[in-house]
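In the two assemblies presented below, chain A is common to both, partnered first by chain B and then by chain C.
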Partner chain A sequence: MKPPRVLVAAVQSPFSGGGAERHVRRLTEELVKRGVEADLVTLPLIERERFDLVRSALAWRSLDLTEIGSRTVDAVIATRFPSYAVRHPNKVVWVIHQYRQAYDQFGTPWSDFTSSEEDRRTRETIAAIDALGLSEARRVFANSKTVAARLAKHNGIASEPLYHPPPLVGRYRTGPFGDYALTVGRLDGWKRPDLPLRALAHAPMARLVVVGRGPEEHRLQRLAHDLGVEARVRWIPEAADEDLIDLYAGARLVVVAPQGEDFGYVPLEAFLSGKPVLTTDDAGGPLEFVVDGQTGFVVPPRPEALGAALSHAWNREDALAALGRRGFDRASGLSWDETIGRLMTAAGLSLP
Partner chain B sequence: MATEDDLAAALAQEIRAAVAETASERPAPSEPAGSGEFSDLRIPLKRAEEYLTPSIPDASRLAGAKAAVVRLLRFLWRGQSSFNALLLEAGNGIVSALERNREAVARESRRFEEQEKEHRRRDSMQDGRIASLESLSLAPRPSGDSSRPAGASPPLPESVYAMFEERFRGSSAEIAEKQKVYLQFLSNLPGPVLDAGCGRGEFLRLLKEEGIPARGVESSRLAVQACRAAGLDVGEGDAIEALAAAPPASLGGVVAFQVVEHWPAAATFRFLAEARRALAPGGILIVETINTDSLAAMNAFYLDPTHVRPVPPEALRFLFDAAGFRELRVEYLSPLPRSERLEEDSANDVRLNAMLFGPQDYAVIGRVPAA
Partner chain C sequence: MSADPEVLRRLARESGRLLGELGVRPEDSAWIRQHAETIESLTRREPRPGLFARLRRLLLRVARKSR
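Up next, the complex of A and B:
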């Protein structure tokens, strides 16, 4: 039997690349590993002006991937907006996230969409593209329950949450509890990287390691200075995989403080390293894994609340270990075997 | 293992208590309890408010270096666009609230209209009853009434038909309004106008107002009485006989509104032939009846138990021609209100509307050729 041919359709962010791009590359690799003839098709999403979004969607729409080189493509797995506008009779969509500025981020500082006629029309067009691309799909998966809930709320589209393991699955390891809390992620406004820093001001014994870089970097360093906590903060703009694994393994606990995150690898990475997670009750995706008192702590998004949690948890290694172990069990349940299996079944294909 | 679980649970409990304590230090702004349909509206407004009150300490701290000012301005700009966006959401909310309000008002006004219709219906029933009581005081008609054309179906008792007309034909004012359209054809005629089957005299009154000499003939004694009481020149009797009695070329115009559907075809043709004879050259004949091309109008045809047969426009036009009338034209009248027709989005809708909900009446208009 010939191996099934599957194309993964994804949006590219040239020169930067992010979690979503690693995700689709990994998906393609995992398909190949299981004997599927898989490849990745990408187009950049241009956002210079509003109409570029529509142009990018049209570019995807004009691609018909039914047949390549006179050989049939058995299925397309489309991912991020607007890659699911692509044409294929057997299209499965795994929505990593929508174009959030037009939906849940609209009306927050994280969206530069305004009330102008152009912006309003663009938002409507994006909704129309989503409706078209997703309604054609044989099955719609969402990256998390949070993403599925947004699809239902903003587009009235039903989807199934489909989780996947974090990038370095199989390589994370547990280790002794060190003397720092860890926060990992791009230093971008909506990820609220200032919150762990501000929490530090309310937890005098805690230390923090911040891994990541982004537009807020300098402002955050200034904030640490102003708060008088800079001596207790270590900045690591970039960490190689091995270093990141070590940082997780040696952390006391991991702080995850974004607002309305889609999915988020960090809690899973923390769990696979045996560490509990401190997060906020508006974090979105992380709350699908972090359960207060079970696998970590969930507090309101206020510096004092996070500070109080850090203070009380800091010297309670036994309790942290118990939480971390349960987190480990929770995250170990995710595997590419199951994720790929569900995607292939949805496409009506079986693994060779 | 169980002790570890207890440890974790205890710690979580402790943290919850500590967090609660921090909350009491600085109480979170309490959300106003949403009241009814406007609570949704308040949420974006509330968020917009947050942009209007930037935190002063942050701002003053950043006010130092030029780059920081630029950053601050960018922050403000982002806040402004967010604020605009939220205002838009609030505006949209207000609009939809207004829409809901307007729908409610429209519903109420429809209800009032329904009630008013019902009241008018009752009014006309009362009028009919009064008319029927009045008819009791009239002398009984002589038996062997010859004023009806042969073959006409046995009439309802007059008083009942009077009630029927009140109920279904519409008020005198409504009828007069509809009939105004014919006045344009009746100026500069070579003689007076005869209104055959003039009913309660609505059209005669219009002609009188226009100073056009006219008389009527009507078979209903009740209607004749009403006309005479209003000072109109109306004879009691059968329209065809009245026309037959008129000297040749003595009339300038003959009108017959909602009459021919009460007659068999032979009577209609005789009426047309008598009209042709009685009209002077240049004289005009207008015959209005129910539009058989419209299913909605056909429903109205069968409503009236004294109707004999519907007369299609082509047939009536043919009879006009055969009787010697020229310059024939067919006018369609009394369109149904838009609300009772289909929305016309396609050519099919237009055709369906014409078949199902076309104009209720039509008239054939013809002239006696000038000598």
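Up next, the complex of A and C:
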């Protein structure tokens, strides 16, 4: 019997591969590992002008992936906007990203959509593209409950949350509690990377390691200086996998401060390293894993609240270890076996 | 070598229909103009007078039908 042929459809961000790009590569690899003849199909999402968004959707819509090389493609697993506009009679969508600037981020500093006629029509068209691409799918999954709730709220589309393990699963390790809190992620405004820095001003014993780079990098370094905390901050713009594993293993705890994150690998990476997570009550996806007093600390998104939590936790290693252990148990339950199994079942296919 | 006019018309018809499916309407005239320009750009080495206007009219017709 021939192995099932599956294509993963994904959007590429040339020159700035992030978590989503890594995720779809891993998904394809995990399918291949299980004997599926899988491959990744990507197109870039260009955002120079509004019509580019429609053009990108048109590019996907122009692709009919039913058959390639005289052989039938059994299923397509589409992921980010607008890859799910692709045509295939057996399409399963695993929504990793909608175009959030048109939805929940509209009207916030994180969206550049205005009330102009063109922007209004672009938002309507994005919603039409989502409605078309998702309604014709055999099954719609979301990568978290947070994303599923957004799909229901903004598009009236029902979806099932489908989690997956973080990128370096199997390689994270626990280690002794070090003398720093760790924050990992792109230094973008909506990820609120300033919040952990501002928290330091309220937690005089705490030190912070910031892993990541992005447009806010220089502003944050100036902020650390202005807050008088720069001597307690270490900046690591890029960390190789092994270095990142070491940083997690040696952290005291991990701080996750974005607003409305879709899913977020960082809490899972922290848990698999035996570390609790300090996050905020508006963090979105991380709150599906971080439970206050069980696997970490959940506080209002204010520097003094984060600072107080850091101060409270800093010298309580036993409590941190207990929270970290429960986090480890929670994150250990996620496996690619289950994720791939559910995707294949949804596509009506069996693993060889 | 330049694109066959019939190929361009087919491309305009098909892509116009798909744009309609994706929610683009005849009143989105700037987008339809931009799309006609993209198709016309396939003949840039050998411009054909009036082709752009014909493609734009064809796209508008298709977009109207696919509403």
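The rule is simple: the second predicted complex is superposed on the first by the 352 of 352 C-alpha atoms of A that agree within 3 Å, B and C clash if a C-alpha of one lies under 4 Å from a C-alpha of the other, contacts with A are read in each partner's own complex, and residues count from 1 in each chain.
Definition applied: a contact is a pair of C-beta atoms (placed from the backbone, for glycine too) under 8 Å apart; a residue touches a chain by one contact, two chains touch by 3 or more.
Every value quoted in this text rests on a predicted model; they were computed, and no experiment measured them.
In the superposed model, A:A149 makes contact with neither chain B nor chain C. Comparing chain C and chain B on the residues of chain A they touch gives the larger count to B.
In the superposed model, A:A85 makes contact with chain C only, not with chain B.
In the superposed model, A:F51 makes contact with chain C only, not with chain B. Touch criterion not met for A:L43: it reaches neither chain B nor chain C. By the touch criterion defined above, A:V32 lies against neither chain B nor chain C after alignment on the C-alpha atoms of chain A. Contacts of A:E118 after superposition on the shared chain: chain C is touched, whereas chain B is not. Across the complex, chain A is touched by residues 14-15, 18-19, 21-24, 28, 30-31, 34-35, 38 of chain C. Every residue of chain A that touches chain C in the complex is listed here, in rising order: 51, 54-55, 57-58, 61-62, 85, 118, 121, 124-125, 127-129, 132.
Against chain A, the residues of chain B that register as touching in their complex are 4-5, 7-16, 18-19, 21-23, 25-26, 28, 44, 47, 61, 71, 75, 78-79, 81-82, 84-89, 91.
Of all residues in chain A, those touching chain B in their complex are 106-109, 111-115, 120, 202, 219, 226, 292-294, 297, 299-300, 302, 304-305, 307-309, 311-313, 316, 318-323, 325-326.
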